[in-house]
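The same chain A turns up in both complexes below, where it pairs with chain B and then with chain C.
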Partner chain A sequence: MPYVIASPCIADYSCVEVCPVNCISPGPEEPGFGRAEQMYIDPTRCIDCAACVEVCPVNAIFDRNRLPERWQRYAQINAEYFQQRGKPGHA
Partner chain B sequence: MNTESATTVERKLFCSICEACCGLIATVADDKILQLRPDPEHPSSRGFACSKGIGFSYVLSDPDRVLEPLQRQPDGSFKPVSWDTALDDIAQRLRGIIDRHGGEAVGGYIGNPVGWNYAAQTTLMGMFAALGSKHFYTSGSVDVNNYFVVGQLLYGNNMINPIPDIHRTDFLVVLGANPVVSHGSMVTIGNIREAMLDITARGGRVVVIDPRRTETAELFEYLPIRPDSDAWLIAAMLKVIFDEDRVDHAAVVRQAHGLDSLRELVAGVTLERAQSETGIDAAQIAQLARDFAAAPSAAFYGRCGFSLGQFSTLTKYLSDALNIVTGNLDRPGGVVFGHAMIDGEKMLADGNLSGYDRWRTRVDGVPEVLGSSPIACLPREVTTPGRGQLHALFICSGNMVTSSPSPDEMESALRQLDLMVSLDPYVTETSRLAHYILPPTLWLERDVMPSFSMGYTAVPYAQWIPATVKPAGQARDDWWIVDQICRRIAVVPSPLKSMRLLGKLGWRPSPATLMDIALRLGPEGDLFGLRPRGLSRKKLFANPGGIKLMDQPPTGVLARRLHHADKRVHLAQPIMGPEMQRLIARSTIDPEYPLRIISLRELRSHNSWLHNIPKLMAGGRVQRLRIHPDDAAPLAIENGDEVEIASRHGAIRVTAWLSDEVMRGTVALPQGWGHRGGWKRAVAARGANYNVLASSRPSEFDRLSGQPRLNGIAVRISRARSDAGADAVA
Partner chain C sequence: MLERPLRVAVVGAGPSGMYAAGHLLNQPDLPFAIEVDVLERLPTPWGLVRAGVAPDHPEKKQVARLFESTAALPGFRFFGNVEVGRDLGPAELSQWYDAVIYAVGAAGDRRAGIPGEDLAGSHSATEFVSWYNGHPDFCERRFDLSGERAVVIGNGNVALDVARILMLPQQQLCGTDIAAHALEALAASRIREVVILGRRSALHGAFNNPELSELGELEGVDLIVDPSELPDEAQIAALQPDWIVQRKIETLREWSQRRPAGHPRRILLHFLAAPLALSGSAQVRSLRVGRNRPTAGGDVEPTGETFSIDTGLVLRAIGYHGRAIAGLPFDPARGVIPNRDGRIGDARDAPAGAYVTGWIKRGPSGIIGTNKKCSQDTVRALLDDAMAERLPFTGTLSAVAVAAAFKARNPDLVRYTGWQAIDRQERLLGASVGRPRVKMPRIEELLGIAVPASATGAR
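Up next is the complex of A and B:
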């Protein structure tokens, strides 16, 4: 199951830097980074490596199956970010 | 983490960058901070923190940080010297200045970070009190003294500031504030974004009013308003409430007097004029007023946006008045009084420190606020000869060349000082002008309490933490530095006469000892054993994660909290009359300068001091002017173009960014850019000093607070000629 970034995210972007498949957006080089209050994981490209979980300073990233109840909606929020952008995540 | 070793420990603390004061946990090994992360158990922030706090530990070991006393050389470079050399020379020069011009020629400035540095604040204030000097300046005189004026007038004490009860309110109106990005100011609410979203989730309503569709506005109902027309909006809402008799008379009779005077004040306001000034439809203003008055509970909250205009004190007064006449003061869901572990209001009152307009500044004749002078007046106090002329200045965490209006005038005045000493971790555009830069400890390196914000928290709590790590290099606490200078000129730096006398007799306790006494004798104190469950420094140091005092602020406490002898809010304020007349007489039409500029805050900036942190500057951040596509098109301005912004006071060049987030006729630019000095990354980020556009002339100020006009400045924009680079200052 893909990983999901939930409410505690502070857009610290350590996750973007370690993601081996560049599926976390918006990174520092992308438009929208300056205003982004959180990062998002593209569920269609996530390879479940959990590298991002290790580096997150605020414990905001969860396996979708283990997403705390109060943040369930974030699975959809992550997916919708990429759908609305109209293109898959890019570096 | 992988770097853990046998000596790794975890320490709780709180972030001392902004008023949110988020609880943090530091992973420390060998006296180095390996990681900062949010503390999920903190009574207020409950696991929230932001990238600024998490990233701040970089500053401790920043290669650009000043770590030993620096003495400026004739060529402008700096040479490291020993503490004794610096302190002895400063004291000798200071003695000479005092001998020639008296203690009143010596002044000080404290910047925003001193709000988390009670020891520096009290010691510096004490130094100038002991010297009999009125030259005490604060960054508060840029954007918050209007609160302190209204606190004194309405409630009898500068520090009284009822906070919006966001956790319980049915209706929140936010005017000129962007809590999603700022994380709250003049109110401390952990994860304020979620707290605001909870209002709508429980069926309440949030309306955000701002010239820019801010990150906060995007989440809620949004009304665009023309810059610096806030007083018009609130006055018109009050007019509707009076005309339609929607006043909560029972509450007003119980809590206040002077209602008729307020009614008279807004009598000349028409909805038509308010519509043309604000750009908000008259019917919408009337409906907003009705809805606000009808809501079971409502809170009107404004912040920097409404504090940077020409009528910021009138605006703050009207905003409090609106909360009061609708019965929302001191009731759940309205605006309420915080509960601090130390009663700062009482301390100020006891020390005769709270006050307004007890004297006026020497040159401009601007009223004092809390015993301080507005920073915008400083340049003329240096350059105008006569008794009381400012000759020596001590600056603590201050960057006035960037934060006060008319930077060139400020810089040129600072260069004329006989002695300028900056206590600063960096060689900044301001400190580079100092004769000495002295390295202070930073908040992770000294004990900290949320001394400024503890009275404004939505969840009252107590916290006072010891230093997390040892100071880097030769950095010393600001208060120690000031005290060492005072000892050399035989001065006891205390705002209280009694303490100065005791000091002369040999008892000279540290600020921490005095604060501990205030805590122990205070509303939550242990009374030195009489109240065993009460607080002391020792107890708080043993509970560094903070101790919750109450679940929510108390209500029904108005009479106890007011400092007016009659225990009523004083709505009648004769000085507001002329302000209202001035507002009505003002024309904002200026065909030569047709646009209005406002400042804005970004997620990874805080005032002017965090632009040297790599993590916060990632992505090639640049300072960009937000301009509406409809305003840009006739000027042939496209995304990424270099543009010149010109006002009647100055001109700067920046990069344009077309966005409909700003309303037509308004442009928005982040403040705090255009650095110079030794912080290399900040300097390399370029950008321009917003305040070049602002005037330091008193005629442009908010007259009652002395705050400069930084929002709503009339400007014109043009494409910059390609022969010059961006960010050149005209």
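Up next is the complex of A and C:
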């Protein structure tokens, strides 16, 4: 199951730096970074390696099946971030 | 090329300063070593991670472990209870080091500029946040929590934090590291309603989605949003909000359609509502609010219609503002030190080798990690200058000499081991009462532990 970034995220982007398939966004060189509320993982490209989990300083990243109850909606939010990119008026 | 370590001072041990220290000390391929001294005004490091992040967000505070790992790197030193401006000036500091990075944040706050703002019971949210987080400068403050209603002016994350802390049930606050004096005062609080006022439309709310959604998760609290204050389809179509803003509107719409459950506490979110004046004889009794309407250009204008809210506590959360440091250039309108890629001013009005990062560089925006990139950019500029030998390398003091110089200025210097002693003591106190830590809010108390022979601490 892919990994999901939940509400504790502080946009430290250590995850972006270690992701071997570059599926975490918006990284520090992307235009949306300065306004980012959090980082997101693309569930269609995540290879479940858990490298990001190790480096997250605030333990914000969870296996989708192990998302705490109150952060369940973040699975959808992570996926949606990538679906809406490219559409007009995207973040 | 430099044949000794490059010596850098970082002023401020908050996130931007600690990220800068981390970037400096994690440079693998340089022809010289780097030594970093982080100077901090308080005896305690981590800036807003300790004094700003809400106590019910312990997960975010875990970032302190990252700063601890930076502090453990060879070449890192911490000097607490040292204030630039009080103990030494920027010109001196620039002489003592090859380069200085100012990461002093934005300690001031913006004022609403409305009549009655100075009445008792009217405060900046910064004061309230610093008080409940045990910041030593604010531990003697008192807030009147005896009324039934508080008003928070502003629409950013701080406004929502303050509203949440006022409404959290006592049993939830008890498990946090909230300052003991605040825990006690909030236990006796009679506030049952918090009104949050946003001058502009919900499309311009500066709060982030995670913080907004969290309000909806509060136990025993009704959230009240007037659907007529939310933007209609035409206004949304005109502004073409991005996905982040659309999600905020969706959340607010859902709340606006809920029937209140009749919970004992409630939060009202008012949009297009501008504070006009506070009134009362000595103490705030009420706040007059003007209704705005959106203009075609995306801003707002007054409708002329007003209403009053009875309240004894008004907290304005309308933004932080940087403070000037004597001897450095300053842009009073933006509250920042003017800079290019982190380099302060130009050669004429700033010491050579002076840099900025964090809120004093770009203004008070973004979240904790935004500062990581900000500091990386500044460190890149600094290292480019060092490689090109554009820094004033002559006259720099050695690590030993500079430590002695600080000690001569202030005998109550707090070293990293001193902070570690404070940290251990606070955690121990916390463990005995089932809390993560019990913060010591008084300077004398902190110094008494950090500097065993402290003259101030012994008093």
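Convention: the second predicted complex is superposed on the first by the 85 of 91 C-alpha atoms of A that agree within 3 Å, B and C clash if a C-alpha of one lies under 4 Å from a C-alpha of the other, contacts with A are read in each partner's own complex, and residues count from 1 in each chain.
In the analysis below, a residue touches a chain if its C-beta (ideal position, glycine included) is under 8 Å from a C-beta of that chain, and two chains touch if they have at least 3 such contacts.
Just so it is clear, the model here is predicted, and its values are computed rather than measured.
Undergrad: Quick one: on chain A, after the overlay, do chain B and chain C clash, or do they fit? Just give me the call.
TA: Taken together on chain A, chain C would clash with chain B, as the superposition shows.
Undergrad: Applying the document's definition of touch, where does A:P68 land relative to chain B and chain C: first, second, both, or neither?
TA: So A:P68 meets neither chain B nor chain C here.
Undergrad: Which partner does A:P57 reach: the first (chain B), the second (chain C), both, or neither?
TA: After superposing on A, A:P57 lies in contact with both chain B and chain C.
Undergrad: Have a look at where A:Q84 lands relative to chain B and chain C in the superposition and call it first, second, both or neither.
TA: So A:Q84 only meets chain C here.
Undergrad: Who contacts more of chain A, chain B or chain C?
TA: Between chain B and chain C, C touches the greater number of residues in chain A.
Undergrad: When the two structures are overlaid on chain A, which partner does A:Q38 contact: first (chain B), second (chain C), both, or neither?
TA: second
Undergrad: If the shared chain A is used to align the two complexes, which stretch of chain B, 40-48, 382-390 or 652-660, clashes with chain C?
TA: 40-48
Undergrad: Please identify the positions on chain A that touch both chain B and chain C, taking each partner from its own complex.
TA: 7-8, 10-13, 28, 33-37, 57-59
Undergrad: Inside the complex, what are the residues of chain A that reach chain B?
TA: 7-8, 10-13, 27-30, 33-37, 57-59
Undergrad: Could you list, by residue number, the parts of chain C that touch chain A in their complex?
TA: 57, 59-60, 62-63, 65-66, 208-210, 213-214, 217, 240-244, 247, 365-370, 372-373, 376
Undergrad: If we count contacts the way the header does, which residues on chain A are in touch with chain C in the complex?
TA: 7-13, 28, 33-38, 57-60, 70, 73, 77, 80-81, 84, 88-91
Undergrad: Could you please specify the touching residues of chain B with respect to chain A in the complex?
TA: Listed in rising order, the residues are 35-38, 47-51, 54-55, 180, 193-194, 215, 602-604, 615, 618-621.
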